[in-house]
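Next come the structures, one after another.
You will see subunit A twice below: alongside subunit B first, and alongside subunit C after that.
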Partner chain A sequence: MRVTKGARIVAGTALLALAVAACGGGASDNGGTAAGGETPVRMEVGEPQKLLFPQDTTETEGAEVLAAVFSPLVRYDENKQPVEEAAESITTTDSKVWTIKLKSGYTWHDGTPVKAEDYARAWNFAALQDNAMSSSYFFGRVEGYNDVHPGEGKTPTAKEMKGLKVVDDSTLEVTLSAPFSQFKTMLGYTAFYPLPASAIGADGKLSQAYGEKPIGQGMFKVDKPYKKGTDQTIEMSVYDKFPGKKPAGWTKLQFKIYTSSETAWNDLQAENLDIHDSLPATAISTAKQVLGDRYFDEPDASIGYIGVPLKYNKDFQNVDVRKAISMAIDRKTIADTVFSGTRSPADDFINPAIPGYRQGACTACTYNPAEAKKLYESAGGPKSIELGYNADGGHKEWIEAVANNLRANLGIEVTPKPFEKFQGILDALDAKEYKGLFRMGWSIDYPSPENYLTPIFGTGAIGTGSNYGGYSNKDFDELVAKGDQATDAAEGLKLYQQADDILIKELPYIPVYFYRSNFGHSTKVKNVKLNLLNQINWADVEKA
Partner chain B sequence: MGRYVIRRLIQAIPVLIGATLLIFCIVFALPGDPVAALFGDKRPDAAVAEVLREQYHLNDPLLLQYWYYISGVLFRGDFGVNFAQVPVSEILAGKFQVTLNLALTALIMEAILGVGLGLWAALRRGKATDTMILASTLLLISIPTLVTGFVLQLVLGVKLKQWTGLDIFPVAGTFAGLRSYLLPGFVLAGVSVAYLTRLTRTSLVETLRADYIRTATAKGLSRRRVIGRHGLRNALIPLITYLGADLGNLMGGAVITETIFNLPGIGNQLFTSVYLREQPVVVGTITVLVLIYILANLVVDLLYAVLDPRIRYE
Partner chain C sequence: MSNPTPPGGPGLPETQTLVPDTVPAPAPERKGTTTKSGKPASLWTDAWYDLRRRPMFIISVIIIVILLVMSFWPSLFSGIDPYNARTCDLSTARQAPSAGHLFGRDNLGCDVFARTIYGARNSIVIGVLTTLMTTIIGGLLGIIAGFRGGVVDTLASRVTEIFFAIPSILGALLIAATFRGRANSIFLVIVALTVLGWPMVFRIMRAAVITAKSQDFVVAARALGAGAGRIMFRHLLPNSLAPVIVVATINLGTFIAAEAALSFLGVGVQSPDISWGLMIADARNRFLEAPLPLVFPAVFLSLTVLAFIMLGDAVRDALDPKLR
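Here is the complex of A and B:
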């Protein structure tokens, strides 16, 4: 056999190199279960968007991981009310100056005690515009926020907010620029976790090492640095010196990162996963059968709307047109069929998971095609409308369903219009290239009814907040402001409900569905419960 | 020989530069604001968005952005960072490992099954075996990877474990070492196996009709030697061409398989990064893919010479 020797050698070497490269990584991939030791409780999670920095985490997956590592100032009890957790007391007399006293006994995972200045450090860091933290807007109500966050193109005149005062090691005094009765409720969120001094590097930025292995003051400490993008798990174990309630009978927690919730569901069935809290709609009917009493279905604090471009299109300014559209939508069928029961029909602007919800409050949210048609015709609604949605979020099906409802019940022409991303709809509205209705969703930042009102419908939220439709109503703004200033929670709630009544009457957006949390667990764990933020109460979980 | 290899490698340089620039332009031309995409349905704080845009040079013109990127790569060996500030080199190192494992598992399965089945069919040409193999490959081609993936995952991953208690094929992840790649590797190889089987069969059937085969048989060589040495070896050239090109396809086209089996490979990464418009990641990944294509083709060309002594490279 005559073969050019060189060719044989080169080809052979290349093949060998490929093979060696391929085998190289095999050994380092032993994530699965801790060899020989305790099998961890394995929790499904999507890949966190950023490294694990609390002040730069405003999405659910990263927040879920961080909630195990940090202990919030307040948690939410069965009555959906905030109660002190890492805080000893949170007091105010005027809803403007808040005194936060820290519980003693909390230490960072490196053993040093947690002090009030750790909170001040974190909050100031988050608020400072130059740091570009995604949670900066949470601190917008603190006095001095405008000095550290003056807005686009302007330079901050201070590094710290003057409303944040460290009184002593365990006392923090927060002064807000205006009274806000719901401030305590906000404090349970990720943005309000403290940061140790070691989190910020010499260059004044968050250190990458910290983001991979955050040091918290919560129930679990991270065992080894999390290499985002490469690692398939985030490993944690119970922090011995955690002063609060710890899980009984187990110490290891593992977050398994999935890109597809269908895959995670298969892994749960194969018992390679213990808790899955975002079961896909396709799996719901099987999950009910397979899991039985290990399947749960609870309200989730998010809402889906059809947004109305009030500011941009005169066609929709007559309230009867909006009412007719609302009554023409068959919410129940959409929730049950399109979403396989992973949504429930919306009947208020406030979600059932949150205090202040009133069942059936939105009378125009009831399906009534005959009445809808009459109303639409007498109000002279437009003969053809567009229905914009972002094509990247699985919204096509329900938008098509709404379009069909409107076509059939109102006898008009409806064109669903896909946009690549949600931002594309807003840009097109601003540029006056698009004047149609649009799909809109809202998930809360903190579990207060106020969060369904001001950020989406307040006049101040036009342009800067999420008031994309440009709705503006002075009475509404005033009622919300009064609710903010209330010193009594019940009084505040009543005022927010009055503001909610205005929305129900005017329908600036048309609420379509409430989200639900569909979760299930394996036979290896029990007593799995979600809190208001859809995070697991780890201390209660037991091994079965 | 050596000069040929060097010439080919030098030719690769303009290809690589062209590819990076092209990909950079394409990602740049995608509609929408990458910073806004980070915030989902919520409008980003204007000041925060502006600081981020500055940080990632998103306000600069295209060519300047490309210069920032390519000068970092060429002069500092810095492939940039993604929007979570993780260095691209770190991401690629971890992810290519997984995808390479997957692609090679698939390639080996493909070569063994494809050539084996093709050989069998060619030798039984016109008989029931041949028809059956042809029919089953047709079936394999017509079922999308998505379906084979989910079905095999459910049957061999979930049900097999539930029924027998044996954990042979993991449902997801790479926790079980090479075993984790068997099922996804097979799913990924599926369609290619079918093509390769058909290619092998046709190529071999044709070769077996050649004069030199008759000569070899007439010389009194054993059937095994006639088919192996004279038939198959000559039939291999189109197969090697196909396999070489397919390595690239398997690496770049594994998005679906990687998603179903939750393998943290580049297919998945590429999908997310295109979505988020993370230019450094997209460009880095594709550059490496281009490099793999170039190398695989070079290896294929050299293998021609191994198989057919008449082919010489000067």
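Here is the complex of A and C:
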């Protein structure tokens, strides 16, 4: 479950951002030359929310770093279909019992071979409630999850999920509690990376040292421990014994941590940065000119919403209020003007990049100010609302634009409320200090329409998942569950769409735009490509 | 001016080296002392006479008057009310200036001219209130410290030095950022700037009072049995006010600039309130595409700050007989 890029950048006030960014520039310049002659390929990244534990990373930035260190079981091909990567084969006959055979040749960065038990260890660790891993929700479908994760206030009755069986060193058998047709698709996600035995300390917790310098089985090994909060770079170099394709002609990779995508954009222009994959909307028109054919604009499977705190604020519980707000937002103009055409107006809860999308499905997503005002008044919507956003993800402008839409079209008072980081909004909601609408974004974990439904709107995702608004609908839950169990892909898709229809009718969140990826690179590299998870295919990148 | 304090004196900061430009000579005692109130106080009349002939004074006063009118009756200048969201049209964002929209439109399609005009109010209100607060707090403490001397003075001076040691923008940022969202943003800016702005006034008031204290008329008043309060407010205050007025005027300009800086950094005035600093911050990211939404508020801001600083300069020149 990943809250998107925008939600990511963790930073304080603008001054702090400037100060930190200034430090970043200085530090990395030194780092660049000190790294043994070879100038690393420098990649923009926001500060990871937590230390580098795969099972505790559910946001895009940490995931981006970890994707270089680990090799996933599956990757996604051009058709968004999962293809085996670290796995030799993933097979099932009934969508319930899955057999994962590992490719041989993979070793941990310390030289020891990767075994099936490393996967079981990681997944059990993630699922166990006592460990409080943010990705535990992902293992909810594995048989025995309820024993290790019975829910808040209850004590787990087992340490390991009974559905996870290590057959031999290279074979893992996973039994799900119910058939789930999309299971293979899920396996490319960060939470499903394995963990070496050394990751877990004597006290049964993930060791701090591991989080700072994770040992993976992927293309790059981390060179020196990353001190979160102080270090402005994460240094890596190619792991010699990596069995897969390695980048040609270069071995050093450096993630540069930025607190503002504008600063990173300035660095890219100054060639102090090589790849920037979240160009700020404000830079797009300049970026096109400055970068020329080094600028890319590709469809992206993410969605931007206005989140509704259904659980926290009674004012929004009337569906007509949400519908009216939705109809009062001029998505097309916002996409064209604020985002310079780098976003497209949302008209479904499923993104067009993923099968299952239906154009124009969300009728209340069409701009209709007159109808909106009528509906809002008859529904007795609140006279003044707040609109929370995280101040450092480049959201201010579109939030202000939405605020203006609502003010003008509904005749209400709207106060945009900046929070330092996305988590701040959630904390404020939980602490009942804040009751307003909030910005929300979703970037997929695996390319299935299901990923736009369960993790954000499922009843089971309240608290443990990303269902921040607290929406709960039994019919919806049932339809998604039925879709999960469908053995036929087309049949599953239909059921997911029916669940999607419920969301469209009830608008638990208000979809505003579909993302596009806007990235650019310096003259020093070429052949930069993003995969479906918006991570760079490092093996393809070449030095120019 | 001569430093009233001998170097290494008991706990007295070196006023002269720290704020040389803004501290004029303490007002000379009035020729006909206070008892004959019928006589004109010559310093002030002289100063007024002098001021009226200074073009710098006239220009700055004109600008300030226009700004004041603008902040109290913005609708006289602009037919568009920028606080009404209906006047913004996103599809016309960054449109070039036209007859209806003299300064063009900003990133959200709002009229830049109207926003610039309406933005004056917050800047002026913050500038004036902050100046008032710093002058009252700093002035009061300055009189007391200067008049009492001894432990009171030492203590007050040390506290002032601590505040002086805090870089003012950084300090204000800290205060404003810490309490952001918990109080009205404009109130917060005033508090933040006041907390860091009063020591300047304190020092000048104190230095002026120390000089005035040893003058004959104070000795005379004391000999006649006047109490501390009477001496402070009837004799010392009027004779130490001139340098404080000068500094306050100049400070007004710098407070307005500081407000813009805080708003620019995101901790000052918050949307939907309008402020020049905020407008500059919003327009900054697209400056290359559309420079005008940044240029206009910036010009107004500069003009305002300049006008107050010019006024302060003119007043200082008029009040400082040595420069004449």
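Heads up, the rule we're going with is that the second predicted complex is superposed on the first by the 339 of 544 C-alpha atoms of A that agree within 3 Å, B and C clash if a C-alpha of one lies under 4 Å from a C-alpha of the other, contacts with A are read in each partner's own complex, and residues count from 1 in each chain.
The definition used in the following text is that a residue touches a chain if its C-beta (ideal position, glycine included) is under 8 Å from a C-beta of that chain, and two chains touch if they have at least 3 such contacts.
Remember, it's a predicted structure, so these values are computed and weren't measured experimentally.
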Quick one: is A:256 in contact with subunit B, with subunit C, with both, or with neither? Answer first, second, both or neither.
first
Is A:334 contacted by the first partner subunit B, the second partner subunit C, both or neither?
second
Looking at A:49 after the superposition, I want to know if it touches subunit B, subunit C, both of them or none. Which is it: first, second, both, neither?
first
Chosen between subunit B and subunit C, the partner touching more subunit A residues is B
Answer with first, second, both or neither: which of subunit B and subunit C does A:130 touch in the superposed model?
first
First (subunit B), second (subunit C), both or neither touched by A:59:
first
Quick check on the superposed pair: does A:423 touch subunit B, subunit C, both, or neither? Answer first, second, both or neither.
first
Mind working out whether A:286 is in touch with subunit B, subunit C, both or neither, as first, second, both or neither?
second
Considering only the touch criterion stated at the top, classify A:507 as touching first (subunit B), second (subunit C), both, or neither.
neither
First (subunit B), second (subunit C), both or neither: which does A:442 touch?
first
Dual-contact residues of subunit A (subunit B, subunit C) 14-15, 262
Subunit B residues touching subunit A in their complex are 1-2, 5, 31-33, 36-52, 55, 82-86, 90-91, 93-95, 97-98, 100-101, 104, 150, 153-154, 157-158, 161-162, 167, 170-178, 180, 258-262, 264, 268-269, 275, 295, 298-299, 302-303, 305-306, 309, 312-313
Note which residues of subunit C are touching subunit A in the complex, please.
84-86, 88, 90-91, 93, 107-110, 170, 173, 177, 181, 264-267, 270-272, 281-282, 285-286, 288-289
So in the complex, which bits of subunit A are touching subunit C?
12-15, 262, 280, 282-283, 285-286, 330, 333-334, 336-338, 391, 396-397, 400-401, 403-408, 414-418
Help me check something: in the complex, which residues belonging to subunit A touch subunit B?
1-4, 6-8, 10-11, 14-15, 18-19, 21-27, 29-33, 49-51, 58-59, 129-134, 136-137, 149-154, 208, 211, 227-232, 256-260, 262-264, 266-267, 269-272, 392, 420-424, 426-427, 440-443, 464-466, 468
